[in-house]
């Protein structure tokens, strides 16, 4: 029983990491249909931002808090720049976007290698987050995992509020639902696209800050997560936050339970089989916006 | 001239204009030229070392033939060809490892003696001791996996980016699974140090040349096969499916089957390429089949021209050559260059280098035809 | 071909997330008819055709001859002999006119034929090229055709597909007057040995070529009959003709209004 609970908590925290990474993708892939493979490198940018800040701010706790907004800004600006330079020219060719951004991701990885060196680096977690909380019955929860869970939920909340309540959010949703109509209604769709990309990529930066708490920082760290994160959006369904939230946690728990009963590598294969099986049942993902168009 | 009836439009059955002789000889002569280059000039002009490298590039070119069919013609972005390359490669390497072990009187391949848990061969290794079974599996295994995945995915109309991501996830899953099975698959190291190829020692340069000839011949044959598919009615239908899948369905076809054929054939080609890669290079490992090499299989075709068979093959050879030449001398520079190649080739030249040739030819045609109008 | 019921629709309903687009339609089309479906925007005309051809899920019953269509996949329905066009002409732009027609003719081809190169031109393709007047453009990529020519190519594709029932969604939208006339005559010729159902907004076009008319409104059949009968139906005048761009139709001398309850 204890094992199951501990394992579920591990699963939930894996899910929280997945969710943080996938959240940005629900905007850029889910809402705009752009497959940005460089999203993983925006995560890396967020992680290295934390590393750099910690070198200049000696307090681990303070540097982590400062890193959150700074990483959002750094990764967000990179995303907006990418959108402006390349992606906006490729909106009609989504599959080509995938390959083009993969090229960008290769270059960004090499850039990181040139600046920070090929070996992984490490940050120090604040003392508060290296502790564990014991909740009785032999169950311990790592503070860092709880922090990531909180950060993920907070990001979901913030994104929901932005999309629902702000004028920007209304414009984003308008452009997603009917680009032409939005355009003739006087919405500068180009600027909205860039802002959507800014927020989506910024969220990747925040995910990068969180990842420094659970693993090393390296040039290829983004690649390890990116495919899983895309799967979350595919299974969750296009254009729906709640789909991604449910899927991220479900996949996280499934993965960790399987890892416990088999091995990491077998778990990976079984999860993929489960996803293909799920798509037999719901090929459009968990939640879909049904339309009349022939799409 | 005062007739009231409209002149009846001449009812002539439509016949395509006869193709000029030169045009008809273009493809056979290009093929002959390729055969002479690959089977005649290259083995004469290149050192053993260079020829072995070319053999490796030609394996990538075989994968590109399939990519050109599935992606170039069918619009299926196959980001997981490494899976099929790997299945073919492992099937071949398992047999060769078993044969090597038998040659030296061992029961188990060397790595199993190191990491293995017992002295019994795993049951799923045993049939690979049979050379015919192993050879068949290099093609059947990848095609079967592609058929199952393709059937499930295309049937439910999972397409476009979804399909690309799923095929990529498959590549990731297989390489992670292989890494996890250290005792039976060699784990991260893969299957290495392969000595013989159906009784011929791979240390002997003459036998290495023989392997090269086999690879070059397979490439040429598969190009012929792909060309036949391109120009067949099936090839036209495949383009139609790429253009508008729904429309094809309303004509009474099931587009899932049309796509499935292209995907399965491309997988078989990748499997064969993987199988030939093993004797040419002497190794197969998870690092050669994961996400990164799988995307690499696509980029060669993209650079050369995904929809053009020759373009895709030349692109794959050129990119592989550039990789092994430049990546040693300028590791950082090569990575930037490779990234830039993706951006420029796919982003700004979606037809690849082959399209430059077409553009030039059309321009020439346009200028000559406008010129003749002026003189007329 | 005449007599007998080609298409029998009864109590057809289509719902999208709570919105009922087709709300219990009963409709019968006789063999050899040239039926026009008219109605204001949102009346459910296209959705009706979508349901018949298997594109959207529906309840009720659609029978083609003796066979039930609902629940069958799109390609099966197509193979049974029902073809359709779309509001925006969808042809395979990357392929030539000839290739488009050849593909349309080939759903029943065996594997061996598929794997070989196309040699010569199948007879029915030649005929379709003539009927649609596209013979001279056979080698032209379909993407380079004018709008009207694409629509004709689509109709030609249905002919070589060897369908018995053609469902055409606004075939003359965006066409010039001459092209409309030519299309109308083409449809009349086609309807000699096919059953044709046309969704149309153009009232002049309907008056010139329709053999019978069904008026859809808010997902139901409002009225049915010949052009004159339908035009005289006061309910039709109220919901459709009356406020459409057809003031003269209201003043058309009306015989006894025939209300056909659906």
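Residue numbering begins at 1 within each chain, and the chains themselves are lettered A, B and C in the order written.
Following the convention adopted for this analysis, a contact is a pair of C-beta atoms (placed from the backbone, for glycine too) under 8 Å apart; a residue touches a chain by one contact, two chains touch by 3 or more.
Not measured: the values here are computed from a predicted model.
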| query | Greatest Cα-centroid separation from chain C: which chain? | reply | A
| Of the chains shown, whose Cα mean is nearest the mean of all protein Cα atoms? | B
| said: Based only on mean CA positions, could you tell me how far chain A sits from chain B in angstrom? | reply: 33
| Separation of mean Cα positions, chain C and chain B [Å, integer] | 44
| What whole-number Å value describes the gap between the mean CA coordinates of chain A and chain C? | 47
| query | Can you list the residues of chain A that touch 2 or more other chains? | reply | 294
| note | Residues of chain C that touch two or more other chains sit at 55, 86
| note | Contacts with two or more other chains occur in chain B at residues 246
| Interface residues, chain B side, partner chain A - complex | 75, 77, 79, 149, 152-153, 155-158, 160-162, 164-166, 168-170, 172-174, 176-181, 246, 291-292, 295, 298-299, 302, 332, 335-336, 338-343, 346-347, 350
| task | Please give the residue numbers of chain A that touch chain B in the complex, ascending. | result | 29, 33, 35, 86, 89-90, 93-96, 98-100, 102-107, 109-110, 113-114, 223, 227-228, 230-231, 234, 263-266, 268-269, 271-272, 275-276, 279-280, 283, 294
| Tell me, which parts of chain C touch chain B in their complex? | 53, 55, 73-75, 78-79, 83-84, 86, 90-95, 98-100, 102-104, 106-109, 113-118, 120-121, 125-126, 129-130, 133, 135, 138-139, 157, 161
| So in the complex, which bits of chain B are touching chain C? | 9, 11-16, 228-229, 231-234, 236-237, 239-240, 242-244, 246-254
